Amino acid sequence: MFKAVIDAETLRDAIDAVSSLVDEVRFAISENGIELKAVDPANVAMVSFRIDPEAFEYFEAAQGDIGVDLVRLSDVLSMADRGENVTLELDEENHKLKIGLNALSYTLSLIDPSAIRKEPRVPDLDLPAHVILPGPQLRKAIRAAEKVSDHVILGVSDDPEDMFYMEASGDIDSLILKIPSRELLGMKPGIARSLFSLDYLSDMSKAIGKAQEVKLEMGVDYPLRVYFSLSQGVDINYLLAPRIEQE
Amino acid sequence: MFKAVIDAETLRDAIDAVSSLVDEVRFAISENGIELKAVDPANVAMVSFRIDPEAFEYFEAAQGDIGVDLVRLSDVLSMADRGENVTLELDEENHKLKIGLNALSYTLSLIDPSAIRKEPRVPDLDLPAHVILPGPQLRKAIRAAEKVSDHVILGVSDDPEDMFYMEASGDIDSLILKIPSRELLGMKPGIARSLFSLDYLSDMSKAIGKAQEVKLEMGVDYPLRVYFSLSQGVDINYLLAPRIEQE
Amino acid sequence: MFKAVIDAETLRDAIDAVSSLVDEVRFAISENGIELKAVDPANVAMVSFRIDPEAFEYFEAAQGDIGVDLVRLSDVLSMADRGENVTLELDEENHKLKIGLNALSYTLSLIDPSAIRKEPRVPDLDLPAHVILPGPQLRKAIRAAEKVSDHVILGVSDDPEDMFYMEASGDIDSLILKIPSRELLGMKPGIARSLFSLDYLSDMSKAIGKAQEVKLEMGVDYPLRVYFSLSQGVDINYLLAPRIEQE
């Protein structure tokens, strides 16, 4: 049993944060809300999200898994007007999700959850440093780096002062971003420096740009963990594997 | 003799309502305004429009037919700024239409009216039911149906209450729209249900979306008639043949 | 030595006015500001610009030439938010231009100035007539002419009254623009009539459309000279060779 009402744009933003990395997912539905963990086809990036019951206008659910094609779900949600609510209702017998938008009722065929790639094991990482900055600022930096290269170094340094930095070097031009701790929204100082693929960061950056604040946890040649809330009770979490830095 | 002044956007909206179905048309000009009847190349959809003299800032005309390439006319009208008037003046001798937009004077070559496909005979149909709804609402429903299928059922039902409905079924997903009579702007109850090509409805929906209210006349496996005004004195009328519903 | 701070949008608009005609240019930097003269690859159009020191928030420069890829420079400037300043600083030793946008620091590799096409000799022309009109009006006329033809006649006439005119004739349709002197922002009456390629005028028109007023100097079968300021101290100048008018 699952029936829920939520602002269509809120749900769509959360869906799009995932669909930039993976198309078909298994939602774990329970009285604690909707959760999802998925890994991209190349095993480079992991995404998890959680929508708490409080983020819904109405929420009633028994425990269960449903398999969803996120591209089609996002497409349906895009029909909503700004501020419009969407009603989700599970038709268990027929393996359908009924999506109601005012007078419109859309029937989305579900995917057999067992046909979807297994939920990844989230590695237990102790990342030594973190910074917190506005989502739009990080998005802008990622887009700037795309102009120069296809990979980027993210790091935390204490030289000459505690700061977050980003470096992108192309064949011709290069780019450096330096934000000292006093201009960050928060920081756990430390030493971190890892190289990441801009392809993945770009895919993530659209959702990141919608967040008021984003927390980046980093280490030396370690994965990057990105935390942010899209709205009250809608939490997204990315984990991105580092690339090996070549001299 | 023909000379007229009209708001450029009003004229363009009317032209675009036709040009989505047919490119070259014959305008019948008379002291009663401008009229047009045309049928699409596949004989599936018919469009007629009428611009009354009252819709013009200035209107003076003797009876006559002119052949016009609507794509070029719409292209010229697109040069106007919002709220700008356009002056139309027939140069009969040279088979040209002079189109004035402030300091700009565009000379549009006319097409020999006899080279244009004959005006269709508008069938005399007695359609048993109709509904009236806001243009944007119908447009939105058509766009939603496009996500699912390439054809759609439009109907009027009295079960469980008087209502307008739309159904689209794709290979995977399906969509239903139901608007009870109390949420319609007007209705003549009855039983209607016909299948239509979404290609044509999509072409029509851009103009439909600009109308405050649209009247749909329907029957069982009968053509759909669509009536709407784009502004005072600018009336559009579509007639769309049904497709045969396959079991 | 060169260090300067300027509104990023101002600089970008000036760069784009040039980059529509030529990609790689040599900036002449001195205490008098930044100057540039360049000719398009086909030798049909010439562009020069000058940014006075007063247009900068900060300006300090020794005499020198730098070679710049305008497409990359414009791309970097496009990262700026509205109203954001950009800092330019020359790293002479490494042949780099450091471009600072808040926390971002972009390093642009310069081109060897000697590898860039020689500065054109600006011909000394005595053009008998000129008109001054709003940039957006001229841009709109150029875009209208593009709908009809790939070349256009620009002229000044005294018949039946002093006016600026533009004529475009296509295979089917034609277009005339006539602006009498009383509707112009300024005029030096005379007789002028020359044919120009719309390709070049279109490339110029994007920058022209941003200018409050544009001065066009013309003669009979003579080049067209276009003068305008994008903002205080930012002056652009185009010179466009005429085409031979065929009877």
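So that you can tell them apart, the chains are marked A, B and C in the order they are listed, and the count of residues begins at 1 in each.
Everything below uses one rule, namely that a residue touches a chain if its C-beta (ideal position, glycine included) is under 8 Å from a C-beta of that chain, and two chains touch if they have at least 3 such contacts.
Just so it is clear, the structure is predicted and the values come from calculations on it, not from any experiment.
Undergrad: Determine how many degrees of rotation, between 0 and 180 and to the nearest 5, align the Cα atoms of chain A with the equivalent atoms in chain C.
TA: 120
Undergrad: Check the residue numbers that chain A and chain B use where they touch, and answer same if over half are used by both copies, otherwise different.
TA: Under half shared, hence different.
Undergrad: Approximately how many whole Å separate the CA-defined centres of chain A and chain B?
TA: So the centre of chain A lies 44 Å away from the centre of chain B.
Undergrad: Enumerate the residues of chain A that touch no fewer than two other chains.
TA: Correct list: empty.
Undergrad: Flag every residue of chain B that touches chain C in the complex, lowest number first.
TA: Residues in contact with chain C: 72, 75-76, 79, 103-109.
Undergrad: Okay, in this complex, where on chain A does chain C touch?
TA: 140-141, 143-144, 147-148, 172-179, 183
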